[in-house]
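What follows is chain A paired twice: with chain B in the first complex and chain C in the second.
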Partner chain A sequence: MKIKKNIATSESGYVFNPSTGESFSVNPIAIEIFNFLKEGKSYEEISKTMLARYNTDEATFEKDYNDFMGMLKQHLLIETENEKEN
Partner chain B sequence: MEKLRYERPVLKKLETNMPNKFGLRTEYVPKTHIDGVAVKDLIKEYGSPLFVISESTIRKTYKDAKKAFTTRYPKVQFAWSYKTNYLGAVCNVFHQEGSWAEVVSGFEYDKAILNGVDGSKIIFNGPDKTEEDLEKAIKNESIIHIDHLDELYSIIELTDKLKKKPKVAIRVNMDTGIYPMWDRFGFNYENGQAWDALNKIMRSDKLELVGLHCHIGTFMLTAQAYGTAAFKMADLALGVKKKYNHDIKYIDMGGGFASKNTLKGSYLPGDDTNPTFDDFAEAITSALINSDFEPDNLPMLVLETGRALIDDAGFLLGTVISNKRSSAGKRTTIIDIGVNILFTSFWYDHKISPAQPFTHYTEDTTLYGPLCMNIDVIRESISLPLLNKGDNFVIHHVGAYNMTQWMQFITLRPKVVMIDEKGKAYVIRENETIERIIAMEKVPDHLKEFEL
Partner chain C sequence: MKKKINIAVSGLNAIDSPGPGIAVIRALREAKSLDVKIIGLAYESLEPGIYMHNLIDKTYQIPYPTAGTDNLLARLEYINNAEDLNVIIPNFDAELFPMIKLESRLKEMGINTFLPTAEQFEERHKINLPDFGKRYNIKVPHSKAIYSTAEIGGLTDEFSYPVAVKGKLYDAEIAHTPEQVNTYYNKISSKWGLPIIIQQFIHGTEYDVAGLGDGKGNTISIVPMRKQYITDKGKAWGGISVDDKEIFKLTNHFISSTKWRGAFELELLKDHNNEYNLLEINPRMPAWIYLSVGVGQNIPKALVKLALGEKVEPYKEYAVGKMFIRYSNEMIVDVEEFHRISTTGEL
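For the complex of A and B:
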């Protein structure tokens, strides 16, 4: 899954969707995941990096990652199949 | 290299000028210690959940309350409201500070005696005093606050048997301009019931009328209602003096003072808006001093406030079991504290602080207890920092009623710990065990065996 190309993010955790005009705030760990997703990294790669950096376990991270992806989808920040083709 | 503290990734939509029911974020600092003792250490040693009572907070709150009244009125006596929290250690802190005992049942009466309170320093309230209770109270020269005429007649009958003149007061209910008006206890002021009872007592000549008692409501958010009540109590006392030339020794204004908790549905936190001891004291003492009592012959003022004296001293420590999402996508968190041990969560939006450092990121959350019941909701909506599974938190202002109204339901009630003024923790009530619960049960012989 990839973040839509037009989504603007700042280093301080501000996210803006120019298509809808909606703004979001994200915490530092979410910015990191955001950036990995923009780079097109897989879950496995992201998980490995995060588990090395943060004091958590794989099960917890997987659960929270999936929850975060759900939030991204709900707020239409992830590329849909149609957008990928274009 | 040491790993960084993990926080789950969170995305929050920014909305401006959109008021919502979650209110503003209120938690800025974690509650890592209680009176110098680490919350984590307490949970490690005594388990989670855990009730913690701060002895120094009790003593400080009591002194604040006492100061508010004694700086305004010459004769003040507090009586500790047992039903609010009757753990022996808690009661004894109040007794050490000078409080009498105020009890509302035979069980509480016996508890006060077992705590070592002199019978004459026990005020016996409530509508259900058995003949056995009354006999005990009369023999011990306790003060009986009569709730209804049947009780009055029972006491008069007992005086013949016991050859004693019991010390009594009547409980008076009245309209003080607040809703709901508590008229189920005692005798009404406005319709003459109170005078009827007073006449019966004075004319029987078998009882010693020592006081007048009222208790106008609970968690009162206006102090002025107490001023109205004190004015009406003074009127009754002065009426007795005029009619029978009999001095009422004390006026007992009961309790009902609000603590610092926030009632459900309030827009502003109770910390900021609820009346203080000074507010209540000013209303009550002004009404008494401005009445027609002779300045040198004022009746003693008795106060039975419970909640406002103990709520702030009680903390409930707990642990996060899981984070979930509801069908609508809302964040929900399950904690190991249910409504069975936090009864007051039905009335209050309890303040809850994480017990470990956190960032400023929050999520609007519903906090569910662990009971397998839909009503088990500790906070329907709270803006909380991001808590992980296993994280600890502290629920504030839980000292009143929870340790008396709690229920043993599907699990066992936890330990209660008191931290003394030197920062030493003592278990003041052990946790329940399955053996203790089962010991009270009896299974008939024909039900002891079965095959499946």
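For the complex of A and C:
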């Protein structure tokens, strides 16, 4: 899954969707994951990095990651199949 | 040296539900390629713009549209004799039709306008919106014009509550029951007359588009905005410029298929299926038109140039993520000024 190309993030932890005009505030860890997704990193790559950086176990990270993905999808921040083709 | 352009602008009621005049004037004042003298056209002595001498050089009272076009023309002749007007920008829905009717007479007087045609003005009317949607293949919510409270009981055959109850020119309320429709019907019709338009209420997010068409099917400007803060009258008190392909597709389609001439505002609602519904077409600039300057597309300036018959290149780019936040303020005014505008109709 990849974040839409036009989504902007700010250093203060804001995510802005220029298509809808919506802004979301996210915590520093979410911004890290968000940026990894923008770079096109896979779940395996992200999981490995985050487990090395933070004191958490794989099962907890996977659950939190999936919750976060659900939120990103709900707010239309993930690229759809059509957008990938374009 | 730039030639001074004398521009008359109405809609000086910068109140809680503001007319677009002051925003239009700010845009014209900031257009570096124009040297303007601004003549305000006001209806009431307490329209705040009358007293904004940093923006408006002189204000004249004009008769309400209900007084008829002859009275309006006579007053405009008087103003033109004093001010040698080059352009008039009417900013109220109610004055557009008389101005469209007077377009050729004004032209003879040397006054230019850039307005929709009478046909364009009529077919986009709230009453005609369902037909408009069918003709141009644009999704609009189901609506119906009613002329009597006796028709309210039968609305459930066509609508599910809540519904929007709208005046033919201004005002809208959301009604959840037939009793509320009855109340709003009486309230709005007593102010704006009949018919009352019943429109299916759709849940979703409101977007507005300010734009300008050259009358030949070409787009000069499109500035889409998401409403961020809405007043109890449904007016945008804050908004942000957005970039959505679907909005551009819809707006370009609107301009090219209607060959829209002049400025306009499209009121859109994005529903839960992420589809845009066209709620209203306003045949004039919106009160938030200054955002167009903020994002790099000065629509009032382009409109003046089109009115003067100059060639205008379409705007191609604008800044996304620019916000406008409206505010209210108090001016301190000498009562003598109020007396002058009230008694002589000029200030």
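Convention: the second predicted complex is superposed on the first by the 86 of 86 C-alpha atoms of A that agree within 3 Å, B and C clash if a C-alpha of one lies under 4 Å from a C-alpha of the other, contacts with A are read in each partner's own complex, and residues count from 1 in each chain.
In this text, a residue touches a chain if its C-beta (ideal position, glycine included) is under 8 Å from a C-beta of that chain, and two chains touch if they have at least 3 such contacts.
Since the structure is predicted, the reported quantities are computational estimates derived from the model, not experimental observations.
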{"item": "Clash-or-fit label for the pair chain B, chain C on chain A", "value": "fit"}
{"item": "Partner chain in contact with A:G21 - chain B first, chain C second, else both or neither", "value": "second"}
{"item": "Touched partner set for A:Y43, first chain B, second chain C, both or neither", "value": "neither"}
{"item": "Chain B or chain C, by number of chain A residues touched", "value": "B"}
{"item": "First, second, both or neither for A:A8, with chain B first and chain C second", "value": "second"}
{"item": "Partner chain(s) touched by A:L76 [first = chain B, second = chain C, both, neither]", "value": "second"}
{"item": "Which of chain B and chain C A:D64 touches, first, second, both or neither", "value": "first"}
{"item": "Chain A-centred angle between chain C and chain B, computed on Cα centres after superposition, in steps of 10 °", "value": "90"}
{"item": "Minimum distance between Cα atoms of chain B and chain C in the superposition (Å)", "value": "7"}
{"item": "Footprint overlap on chain A, comparing chain B with chain C", "value": "22"}
{"item": "Chain C partner contacts - residues on chain A that touch it in the complex", "value": "6, 8, 16, 18-22, 76"}
{"item": "Complex contact set, residues of chain C against chain A", "value": "205, 207, 225-226, 228, 239-245, 270, 274, 320-321"}
{"item": "Residues of chain A that touch chain B when the two form their complex", "value": "15, 22-30, 33, 52-56, 60-61, 64-65, 67-68, 70-72, 74-75, 77"}
{"item": "Chain B to chain A touching residues, read off their complex", "value": "3-14, 323, 325, 329, 359, 361, 386, 388-389"}
